[in-house]
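Have a look at the structure below before the remarks.
Residue numbering begins at 1 within each chain, and the chains themselves are lettered A, B, C and D in the order written.
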Amino acid sequence: MAVQVLKNFINGEWVESKTEKYLEIKDPALDETVALNPMSTPEELEAVVKAAKDAFWSWRLTPPPRRQKMLFKFHEKLNDNAGEIARIISLEHGKTISEAKSEIVRGLEYVEHAAAICELLKGAYSEDVGPGVDTMYIREPLGPFVMLPPFNFPAMISLYFVWAIASGNTAIIKPSRLCPMTAIKLVELLEECGLPKGVVNVLNGTGELGNALIVHPDTVGVTFVGSSRVAEIVYKTAVNNGKRAQCQGGANNFAVVARDANLDAIMDNLVNSCFGHSSQRCFAVSNILAVEEVYDEVKERFIAQAKKFVLGRGADPGVTMGPVVSRDSLNQMLDACDSAIKAGAKMILDGRNPEVEKYPNGYFIAPTVLEAEPGMYVFDEEVFGPVRCFKKVKNLTEAVNVINQSTYGHTAVIYTENGSWAREFIRRVDTGQVGVNVGTPAPIAFYPVGGRKTAMYGDIRGRASDCVDFYTDKKVVTMRWHTPFEEGGEVKAEKLF
Amino acid sequence: MAVQVLKNFINGEWVESKTEKYLEIKDPALDETVALNPMSTPEELEAVVKAAKDAFWSWRLTPPPRRQKMLFKFHEKLNDNAGEIARIISLEHGKTISEAKSEIVRGLEYVEHAAAICELLKGAYSEDVGPGVDTMYIREPLGPFVMLPPFNFPAMISLYFVWAIASGNTAIIKPSRLCPMTAIKLVELLEECGLPKGVVNVLNGTGELGNALIVHPDTVGVTFVGSSRVAEIVYKTAVNNGKRAQCQGGANNFAVVARDANLDAIMDNLVNSCFGHSSQRCFAVSNILAVEEVYDEVKERFIAQAKKFVLGRGADPGVTMGPVVSRDSLNQMLDACDSAIKAGAKMILDGRNPEVEKYPNGYFIAPTVLEAEPGMYVFDEEVFGPVRCFKKVKNLTEAVNVINQSTYGHTAVIYTENGSWAREFIRRVDTGQVGVNVGTPAPIAFYPVGGRKTAMYGDIRGRASDCVDFYTDKKVVTMRWHTPFEEGGEVKAEKLF
Amino acid sequence: MAVQVLKNFINGEWVESKTEKYLEIKDPALDETVALNPMSTPEELEAVVKAAKDAFWSWRLTPPPRRQKMLFKFHEKLNDNAGEIARIISLEHGKTISEAKSEIVRGLEYVEHAAAICELLKGAYSEDVGPGVDTMYIREPLGPFVMLPPFNFPAMISLYFVWAIASGNTAIIKPSRLCPMTAIKLVELLEECGLPKGVVNVLNGTGELGNALIVHPDTVGVTFVGSSRVAEIVYKTAVNNGKRAQCQGGANNFAVVARDANLDAIMDNLVNSCFGHSSQRCFAVSNILAVEEVYDEVKERFIAQAKKFVLGRGADPGVTMGPVVSRDSLNQMLDACDSAIKAGAKMILDGRNPEVEKYPNGYFIAPTVLEAEPGMYVFDEEVFGPVRCFKKVKNLTEAVNVINQSTYGHTAVIYTENGSWAREFIRRVDTGQVGVNVGTPAPIAFYPVGGRKTAMYGDIRGRASDCVDFYTDKKVVTMRWHTPFEEGGEVKAEKLF
Amino acid sequence: MAVQVLKNFINGEWVESKTEKYLEIKDPALDETVALNPMSTPEELEAVVKAAKDAFWSWRLTPPPRRQKMLFKFHEKLNDNAGEIARIISLEHGKTISEAKSEIVRGLEYVEHAAAICELLKGAYSEDVGPGVDTMYIREPLGPFVMLPPFNFPAMISLYFVWAIASGNTAIIKPSRLCPMTAIKLVELLEECGLPKGVVNVLNGTGELGNALIVHPDTVGVTFVGSSRVAEIVYKTAVNNGKRAQCQGGANNFAVVARDANLDAIMDNLVNSCFGHSSQRCFAVSNILAVEEVYDEVKERFIAQAKKFVLGRGADPGVTMGPVVSRDSLNQMLDACDSAIKAGAKMILDGRNPEVEKYPNGYFIAPTVLEAEPGMYVFDEEVFGPVRCFKKVKNLTEAVNVINQSTYGHTAVIYTENGSWAREFIRRVDTGQVGVNVGTPAPIAFYPVGGRKTAMYGDIRGRASDCVDFYTDKKVVTMRWHTPFEEGGEVKAEKLF
């Protein structure tokens, strides 16, 4: 397969960068280069911002029902090309085709929700807030937004831009430097739906380019998803430069197994939450806290099931776990294991350095499980791959306290059939999302998403109508008039009901 | 105590009726007349409708923030006079002072919710539904509404009118013929809050008068709460005369006790749901379905606790159960027992003809429990007093099927700690309200209320923002304009973000 | 072209009726039969209701996101087949292809709105309405709905069913007896989108069949659009049989021209509102009230422009006005003219008996204008074709009073540039819709539609989120739990922020 | 009058500060000290934060209906004490009693809106987002908020805290260092309403103390209203310390007079907008842009009317304009005039150094008007007192462009009767609020407030339901259950409709 040189999409044209710097995009199962990702130049940055700025006023004046119709068309295109998109995701990210397809289904739900834009943009109107005085508000878009999606869901999270443009803004997507090809494909499809030039643009580069886009005086805000460390930097940079920002960071998620949990029913869910998408998702369970009555049984069944994953290239049939995205990433996981063992953790399933037939150079690690404790890096920090921890807890109160000591506040999950315990758990855990017998409680697109503490920087959550709040500003109008009807304005009240 | 002749409130004045017909209002604990309720004349009906009609246009133009402020004042008055109101309720209805006070607290919540009218009346506004075209809607009140409250919550349900007037309508209250004094007291207090004349009126009479008000061409709708039989008549009369109608009927409510129910925690709740307010409330549990594993224990504990009620006059200290509202009503309960026994029901707690010290003439019946079956009147129909049924069921599926065979669809309650069962029960029962470990799942005022089947006639539920839907009509406006700015209307887009 | 025998769609199958009675569907430009419409039998009625009933529970349990996805698919199919649908509309109804296409665009907006069903179905949840007590509501669908669309927008209005099924109900469409082919085509397209059997059904027949469907014990409600006379009958029949009903009736719409109106800008809009779709739409302006200062000029320019319509078969290029739908309908218009002239109206543009090349047998009438007055049938009643009235008014107050004396309350339009007058007009007219410089203020699909007085029977407006209110019932749940966490439930509050 | 030493309110007790530093609070009409404002110590800061933190969890668990009831009580207290509060406002700020009372009315509307908290806190619930999976969200309060109100509306803006506590947070108010007495009075009244200790606290000091509160690790956010310069500092400090912040800054507001404006009707409104509250409000018009056709007439009538203000001590009868708040503030205004004149502005009404009988030492300046241009400080920056500018513009397009070049984006007002112009103006001006014939388009409490550019720092607007978004975080829960009903869970579907 020929190595493709990726292009930028600026003002409605796919153009090759004038840069001389490229990053190699690798197939993580093969460690082979599949594309060259250009590190766009400052001139290209200026051009893309100008395009997004110039397109804004006309797009803002485009009636929302027309913007809505374009999204219906886009939904159709995405559906029709789901196979091809899945292939690209799997190629650059490594995940299985089946995982890629499920990612696309979630992404389609973003489009479905944004396609309700006419409903979501409604302002309010109140007659007679005072005698003869009316007040209303309308929602106005703001201008060019910078979209910085991560590598792990290159289709789904790139699609955040649909709400931005549905709301009347323009968008500049800087795809993940590791997985840019998917976003490019999405925008190619959008182009076929009658997208006016400049409304959505793609500019390739690293975080440095992202930073330059944020601080550029003609952009208005940024949507970022990535690690907590970078989320914090992006957020503060944006805010200190007068921009809106919504920065979703990392996570360290907990699952609690109560003594009444229906283990037959939940084990698949728990294991898949831990290892699906090679554990490279911010909603994956990292730490399992089981109460002492069931701890041993949960652990044994979990390990037995975790062993069943079939590693390989994501595109191959029968494979249920792909490689992780990069050699660097893999090394971090191995380091986390080493340091945990040194700190006294007990390795109870060792998936390091697996033999994967046909793919000796791939970045593979099989499901790996340790018994670990708070205070260890592997337990406390985000390990973005299939290295998970078990810990025995005395009861649910202890479990909640362990969860609330985490510096992350992304998700917490309880497995129980007891309605009381579920309610109390929901109320006590200090996380943005909670699952009850749902290991990956990622809100569906019509519910907002966002963590607490270091898991999210920003006041307004992502997706759902919340992100329409983020992508628009309200303008409040108060009105009174002074020309009475000619004839004194007597109204015949008796005709009015 | 002198027998008081009740007045009507027409166009801001308390006036004595010209009628020669009066109903005696009795203290049900004493069987003594405490007031004379006038059966208002056709001329008075014309006068009251005219007052409500004439007041409408000016009230409609009163800015909602002013109407809101009046409700804050009214809330204060009700609070300050809660003791006096409770005394009146207890006097004419019979319930205990403590029950009357809790009724008032619920009623205050109606006022609290209606006092959010500025929020609730908001219409919507959308810019650019087409090029240069905007659409909005506003909510308009309709005119004079007829309010027909029942005897059993003479304060709380009379207060439904607060939403009607907050929305800009005027109101004519025809109080319950059995318990009119409470509504009169409420309107006296409202009068002290700066109520413009004609906005709220009181006209005393029977159902016949209610009917005449509904069919009068100058009223626009009716809010009724009472028996299913009358609700249906009122609804059809209203609708066939082109009026809006919201008619809450009777109920026959079921509580299901699952085998895991926490009997220690729930027994008070179950027993009080059955017998509170002398069982004269449409949310009271009538039939208890316990699964076979716990049936006997539930029954025994229930009966033991039901025996503890102390009968007496509601105003006396220590009394926990008052009389029922009238001799007629009492006789219906006794008949229901007789017919049940004939049909094979087993009397397991016989509260008929209790000895009540000091009140030999009162309309008393103590908690009475039968084991009964579907097909018996006592099990299938609304018995509006402390006669309740037990039935053993095999499992929850049987319980749901028994519930769904009822011709009423008001409430169903499950006692369980299991989250699965609760969810499945909620989803399967065909009732307007559901309780989970809550025997009397009457929605708080900011949630809508309404049953299914014969328990409610009308499409729009009562209370909450739903009743603002009922008391207003939307007017949808589509606008476009044709005078451009003088200078060609060029907007400097670069200044806009 | 062969005469087609139309089929019914029952439980997922297109079946020929066993009836021996058929109505002829005619091409109104040719007076030639193009199809035979079966008058379905009682057995077929039973079959279709059973299908809709049997399909209900499973469809109700289908997650709304899946129902939503089906509507996206349906939108795509409608778009792809818009040309073919327009051809069918034009064939059976007579309107021009361009009018038919614009009808389809509006209909697509119904689908777009209903495709937001996940957003629209959201219930509410409140924690701690009392200590430890939560309350929520969910929206539940009701069962099989009967859809009775009219002949004049056979695509758009038939598409009302999308909200019914999106909400989880099943539907039985009885198409207009005059224009059934369009609805059939729509359902054929829906079938290709993975519609489960029984969820949408088509049964052909007359109003008698519609009545039988409504009174059938297993249907739950009806959506009707048609004349006021029938709307009233349908509504009362439904309601008296315990069904929900939403019955949009006829109209008699007014346009008011103020002295400051921008005649250059508005004349097209006014004339097209009067005569578009051969005036067979309930939002068409019927009566033009111009203030005396501009009356003559408005009249002259109106007539000059009205003369420009080119009559012919809707499918022919260059034609701007098709025939009316039937000979009966045409005769009613001619009668209205005759009676008006007898009553003293002045014919100022006589479009009766036009010569239409190639189509000597078509049901044609060209734009026809009278100067008429209240009290005349042609001014007071709905004439569903291109016969319009002019009346001079002294000022806006008189105009509003004329409008408010109408027995219809559908729409009123003002042409003015004055913000005061617009606001005062909006507030004073007693109609469900108002236009400001918009002659046909039909709300876009995401705003509710509905007239007042005889223009609509029912409390809940059509389309928008309102019709989700109509197609669902709220179930309110109140919950409390009793199993504390094992260890006394101490929460470490300091961990919570 | 004795000089009062102000106290702090910490954990439910009014305590004297241990500080040795005090600021003198002056009566601005007399230049006499009326109170001593303690500069609280670091220990007091720790104590107040601890109180707010300790009170949080219990207040959060207090059912919202109870919090709501407390606000009804508070509304009553404020109403009953409006005269006394007005006296205090006038004393420390200088505004007239009538202005102070109107401020209280606006403040009462804050309480009215926050008293709808049960409605505003509702979360959402969706059944079956997947098979058997439900999703919901609840709104959770965050912890102790810091409230930093400004001097100019010491009652109204201090009352922002009602939404914070209604939502379940606790609050620490640091009153304006110039006008602290009003906030203290408000909290004294709140105390009488059953406020639990620690839920609302008052700590006196300067901006330094405000800063220390914000950066304290146990506070969660800040609501600030003041100058743009400080708003920016507060915002960035808060955000960089991981806190929520909503910082309303200054303004430079424009009124545009179109050639069709009804000068008779609007002149009062325009002049009062410019000079009411001694021009010390962020919604006051600063710059009047009149189109050339009416420029001279507007200017003359404006000046004639501006001359009519009667200066004096706010509490004196007949006075219509009080002093400005401080000598420093007055000097800034005089400097702005000087620099404007130097830059070429023309003084057309000189109100500097007015003779004010009885109050020779007061900080007075009468209405002062210049003809000025962009580029001059007096035209471009916020002059927080009665110094206003006139500028002639060619047409509305020029007016909009002048407005959009301002670095502030708070309000813009148009005076016109033309609906087109109003609509176009609304759409084009880049401000957070717009007035149409309303000079001070401050949104009523149930609409959100907030400027653009330097007029507001933060994503979420103040007041209305928006500020409930600010004071809460959503927690999204996804649930599934696994215990079927005992008997296979067969539901009898036919019973369900």
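The rule is short, and it goes like this: a contact is a pair of C-beta atoms (placed from the backbone, for glycine too) under 8 Å apart; a residue touches a chain by one contact, two chains touch by 3 or more.
Not measured: the values here are computed from a predicted model.
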Labels of chains that are neighbours to subunit A and to subunit B: C, D
Chain located farthest away, centre of subunit D as origin (C-alpha): C
Rounded Å distance between subunit C and subunit D, as computed from the means of their C-alpha atoms: 47
Centre distance in Å when subunit B and subunit C are each reduced to the mean of their C-alpha atoms: 36
Subunit A-subunit C separation of Cα centroids, rounded to whole Å: 41
Two or more partner chains touched - positions in subunit C: 65, 118, 122, 124, 126-127, 129-130, 133, 137-138, 417-420, 422, 436, 444, 446, 479, 481-483, 491, 496-497
Residue ranges of subunit A in contact with subunit B within the complex: 53, 56-57, 61-65, 118, 121-131, 133, 136-138, 142-144, 218, 220, 416-420, 422, 436, 491, 493-494, 496-497
In the complex with subunit A, residue positions of subunit C that touch it: 65, 68-69, 72-73, 75-76, 79, 108-109, 112-113, 115-116, 118-120, 122, 127, 134, 394-398, 400-401, 404-405, 418-421, 423-424, 427-428, 430, 444, 446, 465, 479, 481-492, 495-497
Subunit C-touching residues of subunit B, taken from the complex the two chains share: 124, 126, 129-130, 133, 135, 137-138, 235-236, 239-240, 244, 262, 265-266, 417, 422, 426, 431-438, 441-444, 446-450, 452, 458-461, 466, 469-470, 473-483
